[in-house]
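Two complexes, one shared chain (subunit A), two partners (subunit B, subunit C).
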Partner chain A sequence: MSLNGQSKIPQILKNREAEVLADWLGEQMAAGIRKDLLKEMELREECREFLELFTDAIQQGNFTNIQSPEWRGLKDMLASVSRSRTQKGFTPTETANFVFSFKQPLFKRLRQELGQNGETLLEEILSATNLIDKLALWTTEIYQKTREEVILRQQEELMELSTPVVKLWEGILALPIIGTLDSARTQIMMESLLQMIVQTGSQVAIIDITGVPTVDTLTAQHLLKTVTAARLMGADCIISGIRPQIAQTIVYLGVDLADITTKASLADAFVLALKRSGFAISRSKSAI
Partner chain B sequence: MQKNEVISIRSSSDVVLVRQAVRQLAVELGFSLINQTKIVTGASELARNTLEHGGGGTVNIEALDEGTRRGLRLIFEDSGPGIPDLELALKDGFTTGGGLGMGLSGTKRLVNEFDIVSRVGEGTRITITKWK
Partner chain C sequence: MERIAILQIGHFLLVTIQVDMHDRLAMTLQDDLTNRISQTSARGVLIDISALEIVDSFIGRILGNIAKMSRILDAETVVVGMQPAVAITLVELGLSLKGIRTSLNVEKGMALLRSSLGDSEGGSMDGDAEK
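Moving on, here comes the complex of A and B:
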């Protein structure tokens, strides 16, 4: 970059800091920044911090590579602004505009200082534009990353919600599984099942797979693991919801479920569990 | 009916996609419930092998219509490490990955045709066919 070392921007920012800051704030307020989401005080503080770090970094004369160490401070600051905007509910455009809106006040000062020298002005504006675009892109990247983290966390929460262990009767638990039984889910399921076994002192746990569309060797392995772990905690498992087509497929696959009690339906499994726990079921005469 | 679909297998959610695509096509072709379940389960095994042992790859799902008979053909391909000893890999219970080791041999029993080509250092291609 031809301007390296001779750019007027660091000097201008130093001398005119207060004016640039006021212009920039005014710019954002006029553009209708959402005051319901962000207080003017906060915004002023963010702008002031940005300006300070920007002025510091730009002293080094590096306008092109924001990966280098002198830009680290500003990038960290932008990352935290971006994260807090994401959480507050700003759009990616609004978030990037925090940085983009810095162009106008900066260029205005440049024009005032370099007005006579058209060529230098153009070069300064071009290199500043480039730099600011990069910083704005950086906020967008962080915005995206934060969103992904939020989604991932929600998925994990959903997974925990979707493996509830319910107490059916004194000493009898049920664990209805719906969807795919992957490794992460098995882990969560096993943990909550074992915990409930201890908490309730249950002797029987029914794992219902009516809602699992495909039982392959991995699913089978996960079921076997869960059953073994429950057994070690002193509870017997019954697997219910094995439909005829699944039973046949398991046999062809060659997976050995012979050690495990299985039942076609949850109702059948429940009756068996009651019997094993010493309850007898009878229909009262009056109900007939 | 002439149908052909390629799905890339890069993550475990792709394995779910493969199962869903195979099931949908099997239903469209009028497969019985038991045959749907068999081909979907086989697809699940091979998709997972492609992902876990082959380092990812693709599956080509093809509906076959030969006039008198209809079926589904699935071709799983990866450029992974390959399988050094096919006979051993096809043995019940053989695994190098801590699985049950029933995926390959079990799938072979679930389908009508099973073909496997593998070269060490180049990759693996497994073709299965299930007739309606």
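Moving on, here comes the complex of A and C:
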């Protein structure tokens, strides 16, 4: 920028910090800050800190590159503001507006100082806009990153939750699967099933896919792998809970499930498992 | 030379693999086992691999071959006690060991052999054993 070094902004901010701060706060209150999510005190504190760091950083006269070290303090501060707002439930626009709303009070001061000199005013406003836009984009970036972290954490938690192996009877295990089957989940599922087979010495395992919304070739392949691995260890697998649509899909996809025992419901599979283990169920007369 | 012991229990042969299976050892086992089956006219072979932590594609294939050879010599093969990690590896390698029967441990494997022989041969097996 041609104005670097001679810009008035650092000086204006230094001399009239209190005024700018008051204006800025007024601006944000007028725009309707979310009072349910953020107290005025907190906002005031955030604005004060921002202004302080901004004034400090801008004294170096660097308007273009916010990656340079003098801007680090401000960027860290904005990152923490953005993060806390994400968690409080602000929208991305509201978060970015925290920075954007700083333009108004700043430009007002500039106009007061340089009102008579149109050319310089324009240059100053251009460079300031540029800088503030970059800072606002930075808050959006952090906002998004925080959201992604939340999603990632939830995914991991789901993964841990989703593969329980339950013992139904002496020598009979059940593995109710809920949700989509991907490679990572199948791996965990397979490991925990095989581990349980060893621990309990079970000879029959029922894999219930009632909770699996769709079955594609990949899912079917994962199921086949699990069944084969269990068979290698000496346990029979029964797949149950196949819905009509899924049965249709499996046939249309050309997946071969001929070697695997399949049952429509978990109850049917359980009865078969009991029969294979040599148990018989009978109703006692008194219960009728 | 290192060899894997083959024990005879009634009409069955029991092979317990306790050491790391390298390729030559596997070939020797295949040789010894087929010889023993024909010598003893065994009806079933139990291969216990519970101590085996690594099974590569070659060993997997040898196990498959042993099962096929035994079938020709009229003996059923049951592989028992495969570790979960080994099972996963074999599946990932694409070896599902289709022709081999499997069981969780030696006891269950023995029961499996007995029941399958009992089904096909009726009471004649027991009669032989008592003589």
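By our rule, the second predicted complex is superposed on the first by the 164 of 288 C-alpha atoms of A that agree within 3 Å, B and C clash if a C-alpha of one lies under 4 Å from a C-alpha of the other, contacts with A are read in each partner's own complex, and residues count from 1 in each chain.
We adopt the following convention: contacts are C-beta pairs under 8 Å (C-beta built on N, C-alpha and C of every residue); 3 or more make two chains touch, one makes a residue touch a chain.
None of these values were measured; they are calculated from a predicted model.
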Touched partner set for A:T214, first subunit B, second subunit C, both or neither: first
First (subunit B), second (subunit C), both or neither touched by A:A235: second
Which superposed partner A:S286 touches (first subunit B, second subunit C, both, neither): neither
Subunit B versus subunit C as contact partner of A:Q116, first or second or both or neither: neither
Which superposed partner A:Q195 touches (first subunit B, second subunit C, both, neither): second
First, second, both or neither for A:D182, with subunit B first and subunit C second: first
Subunit B-touching residues of subunit A, taken from the complex the two chains share: 180, 182, 213-218, 220-221, 244-246, 248-249, 252-255
Subunit A-facing residues of subunit B, complex: 12, 16, 19, 23, 33-34, 36-38, 40-41, 44-45, 48, 92, 99-100, 102-103, 105-107, 109-110
Touch list for subunit C against partner subunit A, complex: 79-84, 86-88, 90-92, 96-97, 102-105, 108-109
Sites on subunit A touched by subunit C in the complex: 190-191, 194-195, 197-198, 201-203, 225, 228-235
